[in-house]
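Look at the two complexes coming up: subunit A is in both, with subunit B in one and subunit C in the other.
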Partner chain A sequence: MGLIVVLLFAWMLVIAFLAFLACTFEDLESDIGSQSNPNSQVQLAAQIGQVNRFFNKAISGEPLSNAMYCATAGTIAWLLLLKLEPLVPGEEWKAAVLAIPIGVAVAAAINIIFSMTAHCGRTAAQKRFEQPIYLDVLYGHLLPIATHAFMTTFFITCIAYIQCNLGTLSGNPALNHPFALPLLGFIWGITVGAIGSSTGDVHYGAEREFQDRPFGEGKRVVYHGKITRYADCGVRTQKDIAGFCAKFGGPITGMTFGLIILFENWRSLVGMQLGGYLPNLSASAGNSSVTWAIVMGLIIVITLAVVNYVFVRWVRKKCGPFVGV
Partner chain B sequence: MEPILIILWVVVGGLLASLGAHLLPVGGAPAAMGTATGIATGTVQIMLGAAMTGLFTAASAATFTDSLLLVALSGAIGATVMICVVMLMANILYTFGCGIVPVSGRVDVDPLTKEPQAPYKTPQTDGHGVPNCVYVSGMLGGFVGGFGGALMYFALLNYADFTAGTAAIGSLSIFVPNAIIAAYNIRGTIEGFHDPKFKRLPFAMVTSLVVSLLCGILVVIASYLTVGGTM
Partner chain C sequence: MTVTPAVVEEEPTKKGLSFKLPLDETEMGLVAGIVAAIVVVFTGLPAVIKGIALILAFLWGMDSVRKTSKYGLGTGVPSIGVLATGFGVVGALVGLALAKYGGIDGVAYPAVLIGVILMGVIGLVSGILSNNEKVIAMKIPRLERAMMELGMAGTLIILLECSIVTGSLNFDAVVNQVMNTGLIAFMFIFTCFGLLHPYNACLGPDENRERTRMVAVEIAGLICAFLGFAMIILSSFSWELGSIVSVTISSPWKLWNGVSLLIFGVAVWAYFFRMFIKACMDEAYETVGTGMIKTIE
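Let's look at the complex of A and B:
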C-alpha cells in the first residue's frame, strides 16, 4: 500500500481532538487536586487562620508531574507492545488496545500514591496552624483525581502511539516520527502540563478561589490566602471546583493544546504537500517542504499576533479604565 | 564528529535558551490570581513547554533536511506558535472567565502601541493578563528559545552522531540548566524586554556561557566514548 495523503491529514485531526481532551482533563485534574500555582493560596489560607477543606497536592510543577505519568505510561506500553506485537502479526492494533490502558493504569496508580502522600504531608505540616487532615476529603478526592489523570495520560499515550506509527498507519513507515513512544509521551507530558498550568489555572486561581470578591479585577495582594471556603450549599471542597472549571477553564485549556497540536502538525503536512515531498517522499523536496512549513508557521504566528492585538484593543474599549476603589 | 562545531552550537544554543527565557512574560503564581502580568507559570516550565513543542517539529524536519538553519527555524517557529496560542487563550480566559483587562504593571504606557496602562490596572496588583508589548516580547522569547533548543538538537544529532532520542534528551538536558539560570536571575516574575529586570541579562549570559561550554565539552567526550554512533 502506498502513502495515502488523506489518511495523514485524518490522523492529524484525530491527534488534535485527542489533544483537546487531554488538556481539558489535565486542567480539571490539577483543579481538583489544587496543584500548581493557585495552590499557593490554599497553602497560605491555613497559615492565616482560614481552616479549609481543600485538597492540597502540590506534587511538583504540572509539566514535570505530567511528564512523569506520561513517560511511565509510555514506557510500560512500549515494553508491552514489544512483547505483544509479535503475537498478533498483521493485527498490531490488538496489542495496542491492551498495552496502552495497562501502561496508563500504572501511571494512574502512581498518581494516587503521590496525591495521597503530597496531601497528607503538606496538611500535616500545617498542624501548628490547626489545619486538620479531613479523612473524607482525602478519600473522596483520590478517585476523581486518578480518573482525570487516567484520561489525560491515556490521550497523551494515544497521541504518542499514533505519532510514532503515523507513517505505518498511513501507508509508508518512513514517515513515522523518529522519537520512541516514551520520549513522545515525555514531550507531550511536559507541554500539556505547561499549558494546563499557564492557561487553565487562571480560571481556578483568579475566579473560583476568590468568588466572594468583586468580579472584573485582578485579585489584590490583601485578598491573598483569604480563599472562598463556602459553596452554594455547605462547605466547599475541590469537587465543586471541578464542576465550575469544567464549564469554561477546562475547555479553553483543552482548546489551547488542541490548537497547538493542530497548527504544528497541519503546517508540517501542508509544507510537505506544497514542497512536493508527499506522496513519494522524494529526498530532493526535503528543503522546500521545510521552508514551506516555516512560511506557514510564520503566517500562523503573525495572524495570532494580529488577533491578540485586536482582541486586547476591543476588551480595553469595551471594559474601560478601572473604576473601583 | 566535529568537536569545535559541537561546542560552538551548544554554547550558542545555551545562550539563546537563556535569552529566550528572559524575554518570556513569566507571571508565576501571582499571575494565576491576576495579581501579576504574564503567563501564569514558572520560567522553566513555560520555556520547556515551548521548546519541547519546537523540538518535536525540528526532529521531524531533521529527518528530511540536512540544513542546520532550516531545522533550527522549524524549532523556533514551533515554539513561537505554542507560546502565541497560550498567550492569546490566556487573554481570552482572563477576559471572559475573570473579567480582567490585559494591562502591564511595569510601564505606564505600552512602549509599542502607546496605549495607556496605569488607568486600567487594579490597585494593589502588578498588572494582569498579556497586553500587546508583553505579547510581542513573548513571541520573541519563544522564537529565540526554540531556535536555541533546535540548534543544540541538530548539533548533537549530526555532529556528535547521537541517535534522535539521545540527541533530544541531551539538548533538553542542556536547555534546562540555562532556563533555570534565567529563572534565578528573574526572581519570580518578568514582563519582557521592557521590564527593568531585563537589565540583569548580562549576568545570566555569562553564567550560561560557562555552563553551556561545560556541557559542550561533556557532549564531545560522550561522543568520543561512543565512536560509531551507537549512542
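Let's look at the complex of A and C:
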C-alpha cells in the first residue's frame, strides 16, 4: 500500500474525528438557544401562562441556520485565502491558519445578530402573555451560543478545507474535491444541522424533563411548556440544559455524525482500494470504480440494521413493554 | 419548531392605493417590483443603487412570505423562504440563459425579466393548484397572489445579487464568478434568511408589520456588506488567468463599487438593527434587567 493511500485513510480519520466534535458542539449550541424542535416548548410555554427565563432562538431549523454559518465562514475564509495564498508561495497552510479562524469569527458574529433579533422579536410578539424581555437572559446566553457555534463552524470549515485540498495533502492533486470551499461548507452545514436536530433534540426534553415517566410513555400535552420552569435548584435557564446535555446528549449526537462520516468515507475508500483504483483514479474507470464502494456500503447497512434489531429487542425485553401498547 | 399563534388578527384593509408612507403591501409590491426590475435590467449602475433595489426587493419578498405564512403556518415559515429562493435560483438561471437576446452587452439585459415573469406564472399556477378544491385544497386565503409574488421577488433578488458581484448578467460571467466560485451557496442561504427570518423572528400573536420590516432591511444590509467585501477581494482577481493579479488592480471601478457597497451595507445594518432591538424592547410587555418568573398554581 502506497504512502498516498495511507495518507488518504489518515485524513479520512481526521475528518471523522472533526465531524464528531462539530456535531457535539452543534447539539449543545442548539440546546442553549432552544432552537428547532425544543423551541416549540419555549414558544408554547408563555402562551399557556408559564412565563419563563428561556432564550427563544428561533433562527429557522438547525440545518438551515448551520448551513448559513458554515457558508458564511467558508465564503469569508475562501476570499481571504484568495488574497493570502499568493503571499506565502509553497507554504499555503500559513494562509489557512489565519483565514479560517477569521471567517469563523465572522460567522459567530452573524449568529449573535440573528439570535438577538429572534429572541427580542419573538418575545415582543408575546406581549399579551405578559412575557417580559429579561436582559440578563438575553446577554447571558449570547456568548455561550456564539462560542459553541464558533466551535461547530470551525470544525466544519476545517473539514471543508481538508476536503478541498485532500489530494494535495496526500500527494496527488488530482484527488482534490471539485467543489469550492463555500459550497462544501454549505453542504456540510446542512448535514451537521440535520443530524444535530434529529438526534440531539430527543435528548433535550426527553432526558431532562421526563426522567420520572414510565419507559416509552411519550409526551402528554399536559406537560407542555413545563420544561421551561424550574431546575433542580432555582429557576431554569438553558445553561442548566447545556450542562446536562454535555454529559450524554451532545456526545451521542456527535457520535452519530462521526459514525456517518466514518462509514461513508470508509466504504468509498475501501471500495476503491479493493477495486484497485487508488492512488491513481483514472478518468476511464467510470462507473465500475464505485461498484466496490456500493457493495461495501450495502454490507455496512445490513450489519447496522441487524445490530439495531437485536439491540431494540433486548431493550424492550429488559425494560418492559411500552406504556399504552 | 414553532407553534402556530393561537390568534390571527386581520389587519384593517384600505380601499385603493394611496402611496402614503409607510406603504401597504400592494403598494410596496408595485414600487419594489418596478424599481428592482429597472435596476436589474441596467447592470452598469453603481452597486449602491443595486443595494437599494435589493432592500426594496427583500421588503417585497418579506411581505409575501408574511402573507403566505400568516394563516397559521408555524413551522412552515422557513420552508416558504426557502421555496421563494428556490423559485429565485431557477428563475434567475432561465433569465440568464435568455439574457443575450436583445441586450447591449455590459449595459442592459432586458431579456432577464422573462425569467421573473416565468416564475410569477409558475408561482401563480402552484398557488392555484394548492388552493384548488380538486387538487390539494389547502384553502389558504390569498395564497395565489402570495406565491406569485414569492417567485418574482426571489428571482429579482438572486438576479440583483449576481449583477452586483459580476457587474453584468452575461451567462458565462455569472457561471464563472458566482457558480464556480461557490458564492452561489452564500447568496442562496442568505437570500433564504433575508426572506424567512423577518417573519420567523417576529412570529407571535403581537407581531406587527413595521417591526418585521426592520429585520428585512437589516438582513439586506448585511448581505450588501458581505457582497461588498467579496467585490473588494474579487476586483483584483483575474478570471482569465485564474489567479490573483498581485501587482495591479484589474478594475478600480469595481474596487470603489465594493468599498461603497460595504460601507452602505454596514450603515444600513447598524441603523436598522439598533432600531429593531429598541422597538422590541419598547413594545414588549416589559423589559427588565432581571427578575423571577411568575408563579402559577
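Keep this in mind: the second predicted complex is superposed on the first by the 302 of 325 C-alpha atoms of A that agree within 3 Å, B and C clash if a C-alpha of one lies under 4 Å from a C-alpha of the other, contacts with A are read in each partner's own complex, and residues count from 1 in each chain.
One rule holds for everything that comes next: contacts are C-beta pairs under 8 Å (C-beta built on N, C-alpha and C of every residue); 3 or more make two chains touch, one makes a residue touch a chain.
In this text, all values refer to a predicted model and were calculated from it rather than measured experimentally.
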{"item": "Which of subunit B and subunit C A:194 touches, first, second, both or neither", "value": "first"}
{"item": "Which of subunit B and subunit C A:311 touches, first, second, both or neither", "value": "first"}
{"item": "Subunit A: partner with more touched residues, subunit B or subunit C", "value": "B"}
{"item": "Touched partner set for A:294, first subunit B, second subunit C, both or neither", "value": "first"}
{"item": "Which superposed partner A:83 touches (first subunit B, second subunit C, both, neither)", "value": "second"}
{"item": "First (subunit B), second (subunit C), both or neither touched by A:44", "value": "second"}
{"item": "First, second, both or neither for A:94, with subunit B first and subunit C second", "value": "neither"}
{"item": "Shared contact residues on subunit A - subunit B and subunit C", "value": "36-37, 40, 61, 64, 179-180, 183-184"}
{"item": "Contact footprint of subunit B on subunit A as seen in their complex", "value": "36-38, 40-41, 61-64, 177-180, 183-184, 187-188, 190-191, 193-195, 197-207, 209-210, 215-224, 248-249, 252-253, 255-256, 259-260, 263-264, 267-268, 277, 281, 283, 286-287, 289-291, 293-294, 297-298, 300-301, 304-305, 307-309, 311-313, 315-316, 319, 321-322, 324-325"}
{"item": "Subunit B to subunit A touching residues, read off their complex", "value": "28-29, 31-35, 39-42, 44-46, 48-50, 52-53, 55-57, 59-67, 70-71, 73-74, 77-78, 80-82, 84-102, 113, 115, 119-125, 127-132, 135-136, 139, 164-165, 168-169"}
{"item": "For the subunit A and subunit C complex, residues of the former touching the latter", "value": "35-37, 39-40, 43-44, 47, 49-53, 58-61, 64, 67-68, 71-72, 74-76, 78-80, 82-83, 85-86, 110, 113-114, 116-118, 120-137, 179-186, 229, 235"}
{"item": "Of subunit C, residues touching subunit A in the complex", "value": "1-3, 5-6, 74, 77-78, 81-82, 180-186, 188-190, 192-193, 196-197, 200-207, 211-212, 215, 218, 222, 226, 229-230, 233-234, 236-237, 243-244, 246, 273, 276-277, 279-281, 283-294, 296"}
